[in-house]
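One chain, subunit A, links the two complexes that follow: it is found with subunit B in the first and with subunit C in the second.
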Partner chain A sequence: MKKYLILIFIAGILIILVLARKPALNWSRQHVNYITAVEDHPLNCLSCHLYIQKEGIVAKLINADYLSPFNMAVSPDGSRLFVVAQEGNKLLVINTQTNKVIDKIDVGENPHSVIINNDGNTAFVSNQWADNIFEIDLSLLKIVDTIKTGSGPAGLALGADEKFLYVADSYSSEVSVIDLQTKTEIKRLMAGNNPVGTDISPAGNLLYITSRRTLPMPYGTPPMTELTVINTTTQRVKERKIFDNAYIMENVAFTPSGDMAIATLIRPKNLIPAIQIERGWMMTHGIGIIEPGDNGRIIQLLTDDPNSYYSDPFDIVITPDGEKAFVSHSGVDYITVIDLKAIRALLAESTPEMLDTYSNHLGISSRYVLKRIPTGANPKGLALSPEGEYLYVAERLEDRIAVISTEKMETINTIDLKGPSRITVARKGRRLLNNAGYTFHNQYACYTCHPDSHEDGLVYNMAGKDMGRNLANVQTLRDIGDIPPYKWNGKNSSIYKQDGMRFSTILTRTESFAFDELDALVAYIVTGIKNPPNLRYNPAGKLTAAQERGKKVFYRTHTNCGKEIPVKDRCFTCHPPPYFTNMLMVDVGTLSETDDYMLLDAPQLNNIYESAPYLHDGRAATLEELWTTYNDEDKHGVGNDMMKDQLNDLVEYLRSLRDAKYYIEDPEIYQASTHLKND
Partner chain B sequence: MNSNRTIILLKVLLVIGLSGTFLISCKNEPMNGMFVFTRVPIDNFAIHEKEITHKYPGAQIVTINPDNPDKSEIILTTDFYSACSPRISYDAKHLLFLAQQNKNDSWQVWEMDLRKRTSMKITDFEESCSGPAYLPGNRLVFSRQIPDSGIGSDMALFTMNLDGSNVSQITFHPLFDYCSTILRDGRILFLTKQLYPVSDDMMYLAMRPNGTKAELFFKGTDGYFLNNQAYETMDGFVYFIEWEQGKYNNGDIVSVHQNRPLFTKVNYTSEIGGGFHSVFPIQSGDMIVSYHPSETDPIALYRFSVKEKSLGESIFSYSDYHILEPVLVEAYTRPRNLPDEVNHKESTGLLFSQDINITATQHDTNLLFLSKATKIEVLGIDKSLGIVPVEEDGSIYLKIIADTPIRLRTIDENGKTVSGPSAWIWLRPNERRGCVGCHEDHELSPENRVPLSVKKPPVCIPAELSEISKKGN
Partner chain C sequence: MKKVITKISLRITILAIVILAGSFLGFKLVKKPLTSEEYPKTDQRISDKYSQGSLEESSNREGITKDTKPMPLYGNWQTFTKKNGLPADKAYCVRIDGDRVLVGTSAGLAVYENDKWRTYTVEDGLAHPGVLSIDVSELTGDVWIGTLGGLNRWSAGRFETFNQFNSGLANDVIYTVICDGKDVWVATGGGAGSYDTYTGQWGIYTERNAPMHEPWTYGVCAGGGKIFIAAWGGGVIEYTTKTQLFRDYIDPDGEMEIDLFTDDGVIHDITTGVTYADDILWVATYFGLSRYDGTRWKGYLDHDTGLISNFINFLKANGPVVWLCTDMGLCSFDGETWVTYQKKENSMEGKILITNGDDTKEIASSTSIAHEFVIGVDTQDDVIWISTSKGVSRGELLK
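Right, the complex of A and B next:
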């Protein structure tokens, strides 16, 4: 009897499974259709649910710890190549004779650059997420000192006499001047917005520092990005050279004769209706040339072709003979070789009007581009051997260094850094996000408007139904996996929908991602993009007195007059921790005449200090302006009763906000969002 | 006994089945690596060099094995009176071609299953079609004669599903259009020749498969003609045949690069006598070409080395046929399948020009003396559709009735023409298209500034457009 019962039980289970199969499939189909907003995404639970695991054993099993080589330096005798492994938090030492990694030195979090002194016995590594510099003794291959800097140390330059080290502080937009005898920072100079790249003139008296983000500009005007010139003798800013209509100036290099310096840059078209890609309508990429002297010209030339774009130029190096420049294009996996003789000839024969036209001319590159050299995924930093015969290319998402013969202009070798051999789904997604091959004519990658997976600080005329309407401030991609919906109007309920078919129609205007590519992209966005630590405003989680006061303003329930603030008008109602968003749509009275009516998705506030400008259309240049200029009717929270010092405190508190992980255990204030939902 | 009979019966059935499978497989042998071309009876071969489309009465599509050409010839289109224009599908399993079943039939597009060697008619129009080509997404593009609207008959491009459904016209100007190839970026490259108001030279335009964003791709030297077929290689070179007026039998192989097609022309055969008529690049880097040493020789099939710029061995020839339009049966990378912004519920498209006074690179001294344009006129086929004042920054923003040919003319404050009329253009329903200027340098990208015109609603063209109800309503 017992035997029969078991059989009946098994049969019952089987029948239930058979009967449940069709409803289960129907439910799954509806679920996948809802998430992806298409009806033909394959029904594969693992492709989505497995690869978006952020923590735990599964996450560890499906992901891998990559090295991600970023910037490099060659020893003065050319025998060793030093590679900053940005994700691996290491400095890799490579023997250039054997092309093997001979040592790995642990460095700080998210290292950015490395520089070697003239004797070749000391290296300095900037730790961008630790706000310090490591001094490394290269004979011992050991860290011998740590030097405090401003926030987000990035590019490095040694003064001619090597008594001072100059550091581009990318987050605090300053330049730290380090006295290498006392190993202390002796002064900070104001730089452009988000400075990164550095180079010292051959005479040693001038330091050029590029910056990536535009200076704060009047609303609706083109970006203007600063190249800061520092006199290394006086250690003061000598000049602020402004590049009109350009940004993301990553790096700069002087020619050996010093007759010009060349920086990489992007010329965006954010103010023009985004109605097509053809004819360089969205993004163009190129170089900025700075002629020395007080009357030196600033010239911008494109490295694109009319039907092929070379997106996201990153690094530039110039051969010792001053005849060739090499530019890495991290969005298309190419190195462009530029004939500097041809550049000089072009500059000599051109009037200012002609040069002005050339700055938008897609065919002019045929005058000076000698060759395009293909590379592995995401080429970033470049380094030349001392005699200039070899070019080393950091293939960041390949965990590999390419060795290029500068004479043959072709890759002659590659150096495997011995990172993980498998390409995880998230890694594949990261490659997709960084690659412009998924946009018509390779004109831009996701990364182009989202540098470092953040945002580029520009407002785009996305030309929804009509041109000139519904301008959009680019939003960050950092840690957005758990805070749908997406887009300012909240129309996309998932990242799948955000980056799916409509994405290709509106943005990339070429074939949409294949299903497995979309799975990978979503996996990377959900799991792989972290907020940098907020060391500038909240280094250890202990708020300053002003921030504490500002916190009270943020969580207040009554005005200064003692009147209760309606729940819907309290800051923390729409912006509750841990992400400081309730993920609901709201009207805060900030729509302009050029907006169609819509509710707006309450944005996250984590690390908001580095996301200027503010509001959905970027009208507010600063956090202060949210209340002083754009909240007349208290629709964006009750705030008109605030005193100036209260507003200052509130802004200080907002600047202190950091990654969501620090606010998950905060039940005191978490109730706010549930309150509204229940309403 | 019964079981023995059953076993015998099964064995017989098995033998029959295997034999059948063998026979079918003999017929269904794959054609990978075979050459396919059009053979044209010499007596029927007449070219009118100014015409874009060429159809050859009595022509047949033939395949040969290049390793054994003389003993492997098979006529693939024995059921047709005439057939030409073979195009291989991306997976090399099918063949599109143009054919007439009987002598007086119109030319229609057919598709052949290269394994089964069976053909299926795809288009079925009264008018003749030409120039078929595969599009991604199980669609094809082809030319079709359209009725005379008073300015002469022209050929427009159409797309449709491979099953013959969902026909859509995609070009709307008074020109002859012929699809030359599908570029790897997903756009249609088509040869076009203006008919009205004056006949003009041939040129290649590139356009998205929904008929949007048509733009000049290549225009040959004045007085030169272009072949209607072109092919792009994996490294971005687009090869075609160009010949000087009156010297059709002296055609040359030329290429342009897709990255900068207007200024990268290379002639590979200027030093070679005789004439080239068709070219097809193969993945080895070489080409198969249709060539004859002199006008009196039959056009034969040859190899050609691009690297050496030299003619290779003769592969195959006839004494009484010309060999044209060779293709290799080989799978190749499918072009991008571009998204479609056309919305047939709309009746208009939007046109934006950043500054109509930008007419060419500013160092062109011939253009320095042009007066400043203050208005722009939109011209239809036979009447003006409206004159619009431009904004102070030179920008215009127009809502124009879709699928209608227009030309643009810029006018100064005295009513005199500054430039234009332009070439014919059209907008598809819901298309949004931008220009830097008028008659501007084709390689100029726009200056990044907010245009004044888009701060207002678009100006409707024609003016009564606001009264036109939406299509379908």
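Right, the complex of A and C next:
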């Protein structure tokens, strides 16, 4: 009897499955169609739901801990190569004779750069997400000291006498001057916006520091990015060289003679409609040349070709003979070799007007580009051997170092860093996000407008049906997996929809991603992009007195006059934790004449301190302006009753907001949001 | 309603006034007037290039030297106005910055370098043409500029503007700005403010969170681990950086028209400036000068000291000497000796009044300060610069 019952049960299950198959398939089809906004995405539950797991055993099984080599330095005798493994939080030591990794030193979170002193016995590593520098004794291969810096230490430079270390603080936009006798920071100098790259002049008296983001500019004007010049004798900023219409200046290098310094840069055309992608230029990429001296020129030249762009230039090194420069293009996986003699000749024969034209001239690169050398995925940092015969290339998303002969201008070897051998789906997605191969003529990658998977601080004129309307302030990609919808107008209900067909139609003007590629891209965006710790404003979760006062303002329910604030006009109604967005559409009275009527998606506020400018069209340069300038009618929360000190406190609190994971663990804040729901 | 003035209190007040008036008259009678011989003769001119020996001789004779360090005397005045390069004659402030001099005028920031003036205006990034205060960060060399329309950081050619709309600045009218290490402090029309250049945090200090009478503040200075704020109607507000606690110093007699007891505290609640050096706090008011050594207050008025005028626009201490910008000339004081620089009416010539105790000596000078309404002063090494309502002047230490 029992046997029959089991058979009947199984038969019943089978019948139910057969009967439910069609409705289930229909439901699945509708679900997938809704999520992807297309009707032919394969019905494969695992392709979406498996790879977006952020935590747990499944997540650990499907993902891997990569090393991601980023920046490098070679020992003075050339025997060792030191590689910063950005994701692995390690400094890798490589024997350049055997091309083998001989040691791995644990360093701080998200290390950025490494520099070696002249004796080759000490290394300094900047830990970008720890706000400090590790001093490493290279004879012991041990960390011997930790030096506090400003926020987001990145590029490093040693003064000529090696008594001082200069650190580009990428998040606080300063340069820390470190006294290496006392191992303390003695001062901070204001740098450009988001400084990263450094180089000291051959004479040792000038330090050049690049920056990535534009200086704060009047609304609607092109970007303007600063290269900061520090006099290392006075330890003061000597000059601020401005690069018009350029940004993302990652690195800079002096020629050995010091007759010029060359920085990498991108020239965005963000204020003209994105239709220019098809017309040949939306994003162009190149170098900025600085002639030192009071009357030295600033020249911009492109490294692109007319029908093939070399996006996302990152690092630059110059051979000891001063004849060649190598530029890594992390968006197209190439190294460009530049003939500096040809550059010098071009500069000598050109008038200022001609040079101005060249800054947008796609054909001029044929005058000085000697060769393009292919590399592995996402080439970032470069390092030359002391005599300049070998070029080392950090292939970040390959976990590999390429060794290029500078004479032959070809790859002669590779160094396997022994990262995970398999390529996970998320890793594949990360490669896609960093690769410009999916854009018309390789003009840009997702990464170009989303450097570090964040945002580039620019406002873009997307070519909608009415060109010139609906300017869009680029939004971050960090930790956005759980907060749909996407785009300011909330039109995209999922990342699939955002990055699928619509993306290719509007942004890349090419074939859209294949389905498996889209799955991978979504997997990376959902699982792999974290917020940096908010060490500047909220290092340990304990709010300052001002932030505590600001928190009360944020959660207030009554005005200063005692009048109850309508629920819809309270800060935390639209911005509840843990992401500080309710993911709903709202009108906050900020639409301009050039906007179509629309409601706007309430943006998340975590790590908002690093997302200026603000509002959907980037009109507000600072958080203060949201309430002092763009909230006349109290539509963006009731705030006009606030005293100035209350507004300052509110801003301090907003700056303290950090990754959602901290708030998920904070019952007090959750209680506040629950209270709202009960209302 | 309770009667405020009783007969008894009225009688006591009248009695007090009679006693004070009697004392004052007595002082005047006892005080020996200078004879004509004691006054320097008007034609007793000394060249501004006179030797140190003659000055010392003169000083020793008159007894104005203090220990071995004589009171510095300045001369060889050179005046700059709109005619020779300033953007406007009205100069609110002056700051010496190494080899250059920064002058805040009503029409922009003027910079004197290599014998030339260059003007920076709103087009260059200045927050407002009216520049009221300038300070230079010793750490970074950045210039902080307080204007009538916001605060500027001027760093290696780049102007960065902070105002009450785009930042946490309390108010756009900046009367004084100073740098204290990494912090910048401002005295504004809407309260005192602080800006931590490392964290970007702003602080606002008004009657809402500090012992002030009202938010209006005129001056701010740093010294001895403290910040001192000259608060309109609130005397001096002291902020201890370490404890982040405030306390106030107000005029104990509370009188607005007269100062009953000169040394009982700050001389008046309406203060116009503060400066700190050599562990001494100096406080300027429109009603006299106050000195505070951390224990005792001492007041100085024009009628019984060498202070040329009670109306003090600004002051700045440099070591033991405090420089006072008044409506009747530039005054300096080291605790014993007063030196006043004035301009002779309708003349390019000037005069120096030296007062030590009851003795005053006048020395004629072939050059003079630009105008007697002095608004700003700064000294460095052997040079002094002052800003006045009609131009700026540069003087040299007379040796």
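A few points about this structure:
Rule of thumb we're sticking to: the second predicted complex is superposed on the first by the 660 of 679 C-alpha atoms of A that agree within 3 Å, B and C clash if a C-alpha of one lies under 4 Å from a C-alpha of the other, contacts with A are read in each partner's own complex, and residues count from 1 in each chain.
Heads up, the rule we're going with is that contacts are C-beta pairs under 8 Å (C-beta built on N, C-alpha and C of every residue); 3 or more make two chains touch, one makes a residue touch a chain.
Because the structure is a prediction, the values reported are computed rather than measured.
Shared-chain residue A:His575: touches no atom of subunit B or subunit C. In the superposition on chain A, contact of A:Arg549 is made with neither subunit B nor subunit C. More residues of subunit A are touched by B (comparison of subunit B with subunit C).
Judged by the touch definition given at the top, the superposed model places A:Arg80 against neither subunit B nor subunit C. Of the two partner chains, subunit C is the only one that A:Met190 touches; subunit B does not reach it.
Applying the stated contact rule after C-alpha superposition, one finds that A:Lys238 touches subunit C and leaves subunit B untouched. In the superposed pair of complexes, A:Thr628 makes contact with subunit C only, with no contact to subunit B. Of the two partner chains placed by the overlay, only subunit C lies in contact with A:Met643; subunit B stays clear of it.
On subunit A, the surface touched by subunit B in one complex and the surface touched by subunit C in the other have no residue in common.
In the complex of the two chains, the subunit A residues touching subunit B come out as 220-223, 245, 267-273, 275-276, 278-281, 284, 302, 305-308, 351, 353-354, 356-357, 360-364, 366, 440-441, 461, 463, 466-468, 501, 504-505, 509-512, 594. Residues of subunit B that touch subunit A in their complex: 136, 185-186, 213, 215, 236, 258-263, 336-341, 350, 352, 354, 361-363, 397, 432-434, 436, 441-451, 454-455, 457-458. Partner subunit C is touched in their complex by these residues of subunit A: 150, 172, 174, 187-190, 215, 226, 228-229, 234, 236-240, 536-537, 544, 546, 621-622, 624-625, 628-629, 643-645, 647-648, 651-652, 655. Across the complex, subunit C meets subunit A through its residues 139-142, 153, 155-158, 160, 164-168, 170-171, 182, 190, 197-204, 206, 208-209.
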